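The chains carry the letters A, B, C, D and E, assigned in the order they are written, with residues numbered from 1 in each.
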Amino acid sequence: MKRIGVADTTFARVDMARYAVRRLQESGTGFRIERATVPGIKDLPVAARRLFQERKVDLCLALGMPGKAEYDKTCAHEASLGLIFAGVLEAKPVVECFVFEGEAEGDRELETLARRRAEEHAENAYALLYRPDALARNAGHGLRQGFRDAGAVRPTR
Amino acid sequence: MKRIGVADTTFARVDMARYAVRRLQESGTGFRIERATVPGIKDLPVAARRLFQERKVDLCLALGMPGKAEYDKTCAHEASLGLIFAGVLEAKPVVECFVFEGEAEGDRELETLARRRAEEHAENAYALLYRPDALARNAGHGLRQGFRDAGAVRPTR
Amino acid sequence: MKRIGVADTTFARVDMARYAVRRLQESGTGFRIERATVPGIKDLPVAARRLFQERKVDLCLALGMPGKAEYDKTCAHEASLGLIFAGVLEAKPVVECFVFEGEAEGDRELETLARRRAEEHAENAYALLYRPDALARNAGHGLRQGFRDAGAVRPTR
Amino acid sequence: MKRIGVADTTFARVDMARYAVRRLQESGTGFRIERATVPGIKDLPVAARRLFQERKVDLCLALGMPGKAEYDKTCAHEASLGLIFAGVLEAKPVVECFVFEGEAEGDRELETLARRRAEEHAENAYALLYRPDALARNAGHGLRQGFRDAGAVRPTR
Amino acid sequence: MKRIGVADTTFARVDMARYAVRRLQESGTGFRIERATVPGIKDLPVAARRLFQERKVDLCLALGMPGKAEYDKTCAHEASLGLIFAGVLEAKPVVECFVFEGEAEGDRELETLARRRAEEHAENAYALLYRPDALARNAGHGLRQGFRDAGAVRPTR
């Protein structure tokens, strides 16, 4: 049975993991979810590595919500590099799902954006493990998470 | 018995480690604190790695206070990447607690901010080792360290 | 028989891999292509490492199309560092082929640019594996991918 | 007997290593100094790693003087990340001592600043190896190298 | 017999390797040169690592010419970090020799700058392997490659 790691933060203002887990469970069965909550996004790379090493997950979904300040962008950049570093060391997928607080106007929009992006990255995580063919079929299709798809420049197939 | 590493600097203008250690000791017992003081924040990644390797700590709290200049931001960025790198290599949590001198106006405010942030990151460190369930309960709750919590966008549970 | 990895994304708005694969096949025979499609460019470093480790490719072509926003540049930077990191760890070539959506005006131009760049990077990938002498002959010749060659400052041989 | 590595550059406009070595020798005895001079600051990370591996140093002092141009800042950033990377890999302290040419006005001030900073970082290097208690006593004291100390926000002990 | 790796690109507009190799050969004998040409500067870190691992070079000279655009600076930054990473992993010197197209005005000046810098970095490479004493004698002398030396702030010996 495969295991899917879900790492999130107490810093985020939306419980993105709840939406992600629900969407994972709607997507299929036969896997176990391993959760880890850390304080902030900069703690996610270690959380991911620990999920791989201690709980033997096959993939880690890393959910976070950087704030609005300029410094938060720096933190997100550092966290992203750390997540890539952890994934490459483990040779296992780390699906980063970040929502910047400044991407949405107002709480309602932020909630909606965070929910949608978490759900769509959860679908990506599921596909990476169980449906690589579905990803291959969508290569170059301009898919987006949380916002409307950009779409392919022209039908490619 | 678990061991908690606390690394700090002579560069910082507030003895953040004192506050962090006190809060750790208020939080529980059954752990030993291992201290290391280095000159500046760029020395913290190696200090953390050495605490993991030589003193067998289970987690490292890294405390620092970058200055006000633009260059200090670059140093903090480098230190942060190094701390993430060290944590991922060791697969052990490194809790970064930085206070930028420019975040506060005046010495009194700086002291208060540094104390609060050190205390709240110490609580996070304690929770990572002993209360992962408490962190999980606060997932997506918009918690902050040193400033007032941002709060969840809407009650999530 | 050599194996060539081709990793691409569902985020891209052009199916660059199709053009790259076709050009590889036009370039020669005696190799097998191993494909992997991931959601976005930040997933490419892990995809590359997995192609090296699990499917034993000798080289990985990594195709992606960052969007127009400032943040997309940051993502591309992170992805590039990750690809270099993966390549250095494996000591195997990772040929990055990114087309920024903002490089072209309009869909038609974007399609053309993406096609050409994918084709020319595919030629580079082929040369790295089979024709190192051809690369050596073009050292310092100001070659470009997707745009017109800049050319050598003066004939160098 | 401990060994202290001192790496410096031909790019720097002041012979900082001379000042650092003199101060180390004034600070105590019982160690051997191992020197390595490289062209520029970007060569320092490898120089440090080689001093650790081939000459078995216990700590490396890395001295450099980035120029005034914007590009020199980028080089210094890369060198700093490399030094942290080398130190973390070795789990041995790397004391970076950089003086930016633009920090001082005029040659005399540059010479003085470079000398003082080299001397004070040499003292830090000595303390890291032989006097960790002295560093601990100065935790949070706002110490600076080359300039006047910023001082603690208020007496902390 | 020592081996010197020389890695360069087809992107560069000047055949810098030709000048570097000639200068190496003028500098001394008793070494073998191992060449590798790759498409662009971001391919140099892997090329360097492969020269170390497969062709057992003792040092790698990495020659490249980033273009004039802002994006080229990002690529150069990524390449530089990769070269440092490769060098630190191998614990072998990687001498980076980059000429930014925007550093010179006009083709003739670019050719001259690229030639001089390649030659002087070749001298540095030779000195790192065979004449470490010569580098040590020039510590803090303000040496530059491709442009006039800045010189020491005051005679240091």
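Definition applied: contacts are C-beta pairs under 8 Å (C-beta built on N, C-alpha and C of every residue); 3 or more make two chains touch, one makes a residue touch a chain.
Note that the coordinates shown come from a computational prediction; the quantities given were computed from them, not determined experimentally.
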item: Chains in simultaneous contact with subunit B and subunit C; value: A
item: Cα-centroid distance, subunit C relative to subunit D, in whole angstrom; value: 40
item: CA centroid of subunit B to CA centroid of subunit D, Å; value: 25
item: Multi-chain contact sites of subunit D, meaning residues that touch two or more partners; value: 81, 85
item: Chain-level touch network, classified as line, ring, star, complete or other; value: ring
item: Ring walk, subunit C to subunit E and onward; value: C, E, D, B, A
item: Touching residues (chain side subunit D, partner subunit E) in the complex; value: 8-18, 35-39, 42-43, 45-47, 49-50, 53-54, 65, 67, 71, 74-75, 78-79, 81-82, 85-86, 89, 107, 110-111, 114
item: In the complex, subunit A residues that touch subunit C; value: 73, 77, 80-81, 83-85, 87-88, 91-96, 100, 121, 124, 128, 132, 135-136, 138-145, 150-154, 156-157
